[in-house]
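Next up, some structures in structure tokens.
Two complexes follow with subunit A in common, the first pairing it with subunit B and the second with subunit C.
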Partner chain A sequence: MHIVVPLRQSPDLVEELQINAEATDIDRQAAKLGISEWDEQALEEALCLKDGSGAKVTVVTAEGGQAEELLFTALAKGADRALKLAGDFSAPMDNHRLARALADAIGRLGANLVLTGVQSVEDLDGQVAVLLAAMLGWPHVSVVTRVELAGETAQVKQEHSGGVSAELEVRLPAVIGVQAARRTPRYAPVSKVRQAQKSAKLERLAVATDGRSGLRVRRVFKPEAAAQAEMIQGTPEEIAAKLVAILSERGLSR
Partner chain B sequence: MTVGVRVDRETFRNFSSAEVALFYALACVALAVFAYGVFLKLRKYRRGRFERRFDNLPARLARALAVVASSTGVAKRDALAGVLHGALLWGFVALFIGTTIVFIDDDLLRLVHPAWRFWHGAFYLWFKLLLNLFGFAFLAGVAAMWLRRKLFGLPQLDYARVDRPAGEYDRSAYVRGDALFLGLFLAIAATGFLVEGLRIAADRPAFEVWSVVGWRLADALQAAGLPHHSSSQLHFYVWWVHALLALAFVAYIPFSKASHMVTALATLVFADADAGRRLPRAVAGSEHLGVKKLADLSWKNLLELDACTKCGRCHMACPARASGAPLSPRDLILDLREYADASWARPALEQPRFLGRDAAPQPEAALAGGVIRSDTLWACTTCRACVAVCPVGIEHVPLIVGLRRSLIEDGEVDRRLGEAFESLARRGNSFGQSEKLRGRWTRGLPFAVKDARKEPVEFLWFVGDYASYNPRVQEVSRALARVFWRAGLDFGIAYDGERNAGNDVRRCGEEGLFELLAEHNVQMLAQCRFREMVTTDPHSFNTLKNEYPDFGATYAVSHYTQVLVRLAEQGKLRLKAPLGKRATYHDPCYLGRYNGVYDAPRRLIGWLGLDLVEMPRSRQNSFCCGAGGGRIWMDESNVRERPSENRIKEAVALGGVDYFVVACPKDVTMYEDAVKTSGNEGKIRVRDIAELVEEALAQDGPA
Partner chain C sequence: MPAGVYVVVEHLNGQIAELSFELLSAGRQLADARAGKLYALVLGAGGEASGVAGACGAADAALCVDHAALAGFAPEAHIVQLAALLKERPPAVTLVSNSSKGMDLAPALAVALGVAVVTNVAGLAVEGAKIVATSRLYGGKIAVEAEVEGGAAVLSLLAGAFPADKGKSGKPVAVETVSPCPQLDNARVAFKRLERPEAADIDISKQEVLVSVGRGIQDKENLALVQELAEALGAALCASRPLVDMGWMPKSRQVGKSGASVKPKVYLAVGISGAPEHVQGMKDAATIIAINSDPKAPIFDVAHYGVAADLFEVVPALTEKLRALRG
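This part shows the complex of A and B:
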């Protein structure tokens, strides 16, 4: 059983994002990149499968940025093989181009299962896994919270709205978009990451990055403030009086 | 004394040569068993990891002997036990020396050169007087210790475990072991005097009046109507009982609590004065960082385990134990000892019996997470109260950190702790905030705080995470900055160059992350020009002062209370008016117990015109707030009463105390919470010493 986990580097939202001079993308030089949190969940689920049934786990990520740190951390956590994907990953990197590159990599690496984050902060509509499955011609399930392997198939638990879950069976090979792993992602001690940096080798794989979405980014901009919030201050009585006044002024109270 | 009377006594009074031979044969058996026990122990220590503790041996020995001779270790938090232990210890030492003198005189010199024998005449009389007195001290000490055990119902001597329900273990072997130890002592001392009394009653040598106890006992025996010939006969039997008990004791020493007479002394000799304060770096070339298997314990660790007498001082001092967490430092040590003995030093007395679900630990088991539960290890606040109070010099904290290192290597990390680590690795703070915001708290000050990376400063202020990021503590930081400014202190901070100093990261056992943080800070600080470093956080203070030197960086580090008291005493701070309130002061573990800074904050409190009322647990005995050792990042759900609430109750119970004065950023948040959650709002106010100084200052700006 070979599981491939593509890791996407996404900007750290703790830091304030800047927009580049051309207003076509965020300023990726200034942004702090890190593993997309959903990919971290996908990796954890893959490692849980490895712990349970001895699957082999390969992680891949686009070259550049924090690629090495991401891959060494994954190795420290227990991944077996780590590859940097080489190609034209220059911005803007849309989901189609990324999926194309991943499909190419997975085609060459061979895999029984691809686990990837259901979305990322730059793919909130969760397209990458879907596109990847389509390009590979494999079945796909998204918003998954647990994967169990059963020979030629996988049993997956899919999360629906309103606290409802479904159990699905999917034929392998398949692409699965992971919402959450069965457990909190494991912690990689810094000493182990440093050990991996010293002893493990990262491979490099040239991939096709000629995917096209047919879309062109016209402008990237920060959300514009639509209205101001007013903070009401004073004693509880004064605040209550002001609230009543505002509500009746706007015809919101009866 | 009458001329012509030989002043001494026969060792074997009215013995046939066969009986004498029997005694020597039994003595040889006892010594053989003793030697075998010693061999088992030494073999066990040899299996431990090598550790170098042999520097300054004469000084080490002198320090250890001073502690043992004065019984000051046993007197910690229990003065009565110290006095009683002193009595029985000195009694025992004197009796041991006395027996050795008789052995030299009677067994060696008799054979070698009888003319050299000296155990007679005036020497004999002084010998008798002294041994009677010391023997009585021994008997009285042991008897009083027995009564203390029986009458006081001391909770530290109740061997109830904190991590298992009552039905799941059986520690009656401990109770039997204690009874046997004390019982043997009592019986040996009592029969010793009885032998003497009976001999004096039978023979009445006039000079034996020097045997002050034996003589009176002989009087009493005769007054009770014991006939002369019965005394003589009884002497023979009681002599044998005394001899057999004494020989049994010799054989029993290495297998029992009695071995602490040697192991405790050795532990004290090889003690590390910096234990816990400066943790060991990872051993280069070792396969793993932490204490995983028994063989990862050093010979010193194994020796410490044997030195424990189950006195329970650590059990009582431990804030985790008091809060209901599944950690008792005593039980941690005992569990490891039992496991070490079961694996490496059989036969051993006092073996554990786990009943019900939990089986006894398997051989080759993991220590961390196996022999010792991981929640037990995570419960430790590394407050060092156990190390400070231990009479025999056990170093629990470095051992617990070693075990935690092994948990970390196995990735066994609580979710919140893992998040804190990741944030620390990525952004250098545990708040999950941008590193760029570290210096943001300085906004709103009436002056610009110098960037120590860009211009030389006299004082580099290492602000720390809580003082930089926690909104409440930021107020304290601004207060302290204004005080420094008003005093005309030339100071600066390193803004986003600073990372968490790593003290608590290291104590969680995340050694790799600690190295990462320390290496960054050392490199950054090398770019700054400053004369002295000042920290807000006692935790940062500890690691910068004591541990960074291992990274090639030695600084003059002060805590802000030390700098403030200097400024006050130099007249650079002027008091508007004495604050005139009643205050109590909480010694932060890492400032007080760890680094001995007890007086600077107290002098400041005095200077401020506050009336200081000490809590029962202060200075060395201060009670941890519960935040140390990374506990502040962990789940608190296994806690019955938070240590901070326990502490606030202690302060409120003093009566009429206005301020609960703290000198640690974590304490500000811990105790302000605790005042609310313990329902003491309005009764006592938590005040950081920096805020009090600002409130009391006369000057508005730099003079």
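This part shows the complex of A and C:
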């Protein structure tokens, strides 16, 4: 069983995002980039499958930025092999291009299962998992919280709204978009990441990036709020007193 | 011939999902702007599709398909069937919601039909033959205006962006039954069963006052702070998804897209950023109060009252004042 986990570099939303001079993208130089939070879940689910049944786990990511750090961290957590993909990734919100690159890589690496994050915070152009599956001609399921392997199939749990979920059986090879792993993602201590940097080798694979979304981004901007909250200011005690007044008006503080 | 607008209608137990009424509302507006027709697409098994289709009065016509493989939701069967149906009717704009089903459908349909897809759409405009969609990305913090080349596309709409009311109509609608496509018999994804949520100690959708906690709380130990606030306020405690995924709070307390939708008198959001998936579940609360140290957090766009301060300072102060009041 060979599981490929593609990792995406996403901006950290805790920092304020800036927009580039042409207003065509966020400013990626200024943004703090790290692993997309759902990819961390996908990697964890893959590593749990490895722990349980001895699957082999390969991680791949587009070259540049924090790519090496992401890959070494994944190796430190237990991934077996790590590759940087080389190609034209200059249109980051074009998921067709990313999916094309991944399809090319997976075609050459071979895989029974691809686990991606269900989405990232920058999905303008569909989700990569589904685009990738469509390009590979494989079945896929999104918003999955559990993957169980059984021979030529995977049993997955797909979450719907209101706490309802569906159990599905998927014939492999398949692409699964992971929402949450079965457990909290493991942590790789800095010492282990350093060790991986010293002992492990990252491979590099040139891939096709000629996918095209058919969209033209006109402008990227910070939206004006439709209705802004009335902001309450002061010391914590003053704020608390004002909140109590608001709650009292609604008959709630007795 | 003016292009049609097609809405993929989701339903469970014979009921149309609220999100699908939002799609019908957006679709109506789009079809009228393009002087085209609005069609509701309803897939199901055991005769349920035609019943549901009859309730899509906002559409000019409803097309339904009935087949055992379309029971519940197995993504592949729905994609194959919808693609087969839409291929015969180009060029079309297809609307799906960004639900779990919609996430599977939108990109796959776009590839199958050879058209563009736009995700997380919160606004739509028609400019001649072009469709201009405005999406909310980066947890709702950034908007992107994109233009679709040509008149055909698959658009996945954000929950809450279009008014569901305008998609509800008691008008009778012509229902046409379409025969299932042959590929349905060899789908590689099989639907096994639905799991309903387990009964919980309290039903957060029925509470009048909710204190909701997010990742801003930083540590499981700190939950005591908001628990005490909830007690002082006579409220129930609920949470954003990451706290549930980390195992800090039970699933039954999750608010949002994949949790519960709540509509309390007061919703006090503590350390929650206001990602669209969270907002979807609480935007209809009568009064929303948000405490978040980031003055630009999107939660302040839906809140009525905002406190841009450190929760570790404000929450204890508030708890103390409430306790003093209660004596």
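Keep this in mind: the second predicted complex is superposed on the first by the 220 of 254 C-alpha atoms of A that agree within 3 Å, B and C clash if a C-alpha of one lies under 4 Å from a C-alpha of the other, contacts with A are read in each partner's own complex, and residues count from 1 in each chain.
Here is the rule we go by: a contact is a pair of C-beta atoms (placed from the backbone, for glycine too) under 8 Å apart; a residue touches a chain by one contact, two chains touch by 3 or more.
All values reported here derive from a predicted model rather than from experimental measurement.
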TODO: Considering only the touch criterion stated at the top, classify A:T184 as touching first (subunit B), second (subunit C), both, or neither.
DONE: both
Open item on the list: A:K192 in the overlay: touching subunit B, subunit C, both, or neither? Say first, second, both or neither.
Closed with: first
- [ ] Would you check which partner chain A:E16 touches, where first means subunit B only, second means subunit C only, and both and neither mean what they say?
- [x] both
Open item on the list: Just to be sure I read the superposition right, which of the two partners does A:V143 touch: subunit B = first, subunit C = second, or both, or neither?
Closed with: second
- [ ] Using the superposition on chain A described above, determine whether A:K201 touches subunit B (first), subunit C (second), both, or neither.
- [x] neither
Open item on the list: Which chain, subunit B or subunit C, ends up touching more residues of subunit A in the combined arrangement?
Closed with: C
- [ ] Kindly list the residues of subunit A that each of subunit B and subunit C touches, one partner per complex.
- [x] 14, 16, 184
- [ ] Would you pull the subunit B residues touching subunit A in the complex into a rising list?
- [x] 282, 289, 408-409, 411, 413, 415, 417-418, 421-422, 425-427, 432-434, 436, 510-513, 515-516
Task: Residues on subunit A engaged by subunit B in the complex (per definition of touch) - done: 12, 14-16, 32, 34, 77, 184-194
Task: In the complex with subunit C, residue positions of subunit A that touch it - done: 11, 13-14, 16-17, 19, 26, 41, 93, 95, 118-119, 121-127, 130-131, 133-135, 139-143, 155, 157-171, 174, 177, 179-180, 184, 213-223, 225-232, 236-237, 239-241, 243-244, 246-247, 250, 252-254
Task: subunit C residues touching subunit A - in the complex, by the definition given at the top - done: 12, 17, 72-76, 99-101, 103-104, 106-108, 110-112, 115-120, 132, 135-139, 141-150, 153, 156, 187-197, 209, 233-234, 245-247, 251-252, 254, 257-261, 265-266, 273, 287-290, 294-296, 300-309, 313-314, 316-318, 320-322, 325-326
